[in-house]
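Below: the structure, in structure tokens.
Going in written order, the chains are labelled A, B, C and D, and every chain counts its residues from 1.
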Amino acid sequence: MLEGYQPYIRQANYYETDRMGIIHHSNYIRWFEEARLDYMEQAGFGYDKMEQMGILSPVVGVSADYKAAVTFPDTVIIKVNMTYFNGIKMNLSYEVWNRRTNVLCTTGESRHCFVGKEEFRPLSLKKQYKEIYEIFLACI
Amino acid sequence: MLEGYQPYIRQANYYETDRMGIIHHSNYIRWFEEARLDYMEQAGFGYDKMEQMGILSPVVGVSADYKAAVTFPDTVIIKVNMTYFNGIKMNLSYEVWNRRTNVLCTTGESRHCFVGKEEFRPLSLKKQYKEIYEIFLACI
Amino acid sequence: MLEGYQPYIRQANYYETDRMGIIHHSNYIRWFEEARLDYMEQAGFGYDKMEQMGILSPVVGVSADYKAAVTFPDTVIIKVNMTYFNGIKMNLSYEVWNRRTNVLCTTGESRHCFVGKEEFRPLSLKKQYKEIYEIFLACI
Amino acid sequence: MLEGYQPYIRQANYYETDRMGIIHHSNYIRWFEEARLDYMEQAGFGYDKMEQMGILSPVVGVSADYKAAVTFPDTVIIKVNMTYFNGIKMNLSYEVWNRRTNVLCTTGESRHCFVGKEEFRPLSLKKQYKEIYEIFLACI
């Protein structure tokens, strides 16, 4: 568990709504990313720092379950949790709460690997980037 | 199975890439929607027609598995398949193929229900919209 | 001038970058909207409140001039200024500053009218919604 | 003028609508890009080819005037015209027509320069890339 973790808070944007009147479902995948990068920053290793070191962490799978709609100008609280990490693969789970109604609106999961920037070859953080490995390992 | 079904073809857009150099993973969720609405149109009941009748078909769940990257100016072929339909729920699966390389890049699934436009109350197409029910039933 | 106005602050998102490595230019138009809706909220009349009263304020024109690039994880400060308002039309200008480098990155403008929700017919706030008229008039 | 030029045709997507019920104004800036890249392809020098040669053509300014709304499932026809080109700068104009109603919905303009991929330094196509210079010059 990431000690002292603060969930990610952001307002739903007008341009993220669709003509159903609610936030288009695809945007939650983007919100997951915002919350994930914030989580990594809080863990002590921001994604831009990883990129500068030549490491990318592409999404190899993503899922979302929509339970209740969110719309502008709602504010959501997104709680991220690292559910798996072994230096080669990393899974994170997400909960999107509506701050006003206190309702759990969406849950989701993303799965990641680590690859080198140039040729997208799989990396083992454990072997090649011990420092980052230790930081993320402490998050589980 | 939808007889005579033609897969959905579209070009990847430059603005859909991210700084990793490839199409951002969230866009596939949007491509699934494009291909799904095209599929419904081909089935004989376009989504705009459904909306005009007061029926919405929100996404209650979505997932994607990313196997190979796509980037601008690649063209993708998206094959949609209805995997479940009972008039209350509907599931569709997706395959995104790179037309140039002939590689299966992404697979996915979306789950839907049917609700009334005004109060988002669940509908049974079988009971309330027999015509649409028959059309979609023929797709499985 | 809007007294006590606080500029809008937000972080550039990873998914807003393109493969040039910088924020795609189209996103600034969305950032302008975020900053504008925040401005209206600060002025005392949030856009959702206007919508609830049946008033929409569509964009009739928009422009942006790009002077310096922004990328993830930069934070931008967006300053909004109402440059014209007569109850029928409203113009706003925007300045996007990079908080880290203190560089003015993008300037822009948007032009708006006011229309009724149902038939998109032009409205005069002065005649029909005096309260809102006074609030926005005080912003110039 | 680009001889034999065929306007760009594409359908408005559901996810591009907002809760006003129409295509969100920011998306036209993206449509301009789609149409522009198609135009360059037709001119004989696709943007991906330019990028491979190390040339980028960033947007230095953009504007749009919205005259009539478009919504899903409308199809639009976008006509691109090169209005200025001197090897250092390039301007293009856009007309977005609704194919169904035959109404001119949006007009716009984009201004570009040419820069080297690595350091974003201004390039003169005339001096450094004569072949591309000649191709684009023939478009005016």
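Methods note: contacts are C-beta pairs under 8 Å (C-beta built on N, C-alpha and C of every residue); 3 or more make two chains touch, one makes a residue touch a chain.
Note that the coordinates shown come from a computational prediction; the quantities given were computed from them, not determined experimentally.
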Exercise. Check C-D against A-C and say which one is joined by more contacting C-beta pairs.
Key: C-D
Self-check item: Most distant chain from subunit D by Cα centroid
Solution: A
Quiz item: How many angstrom between the C-alpha centroids of subunit D and subunit C?
Solution: 24
Quiz item: How many angstrom lie between the CA centroids of subunit A and subunit C, rounded to a whole number?
Solution: 28
Exercise. Scan subunit B for residues touching two or more other chains and write them down.
Key: 14-15, 20, 26, 30, 33, 72
Practice problem: Using the touch definition up top, name the residues of subunit C that touch subunit B in the complex. | Solution: 14-15, 17-22, 24, 26, 71-72
Practice problem: Give every residue of subunit A touching subunit B within the complex, in rising order. | Solution: 20, 25-27, 29-30, 33, 56, 58-66, 69, 120
Quiz item: Which residues of subunit D touch subunit B in the complex?
Solution: 13-15, 30, 33-34, 37, 41, 46-48, 72-73
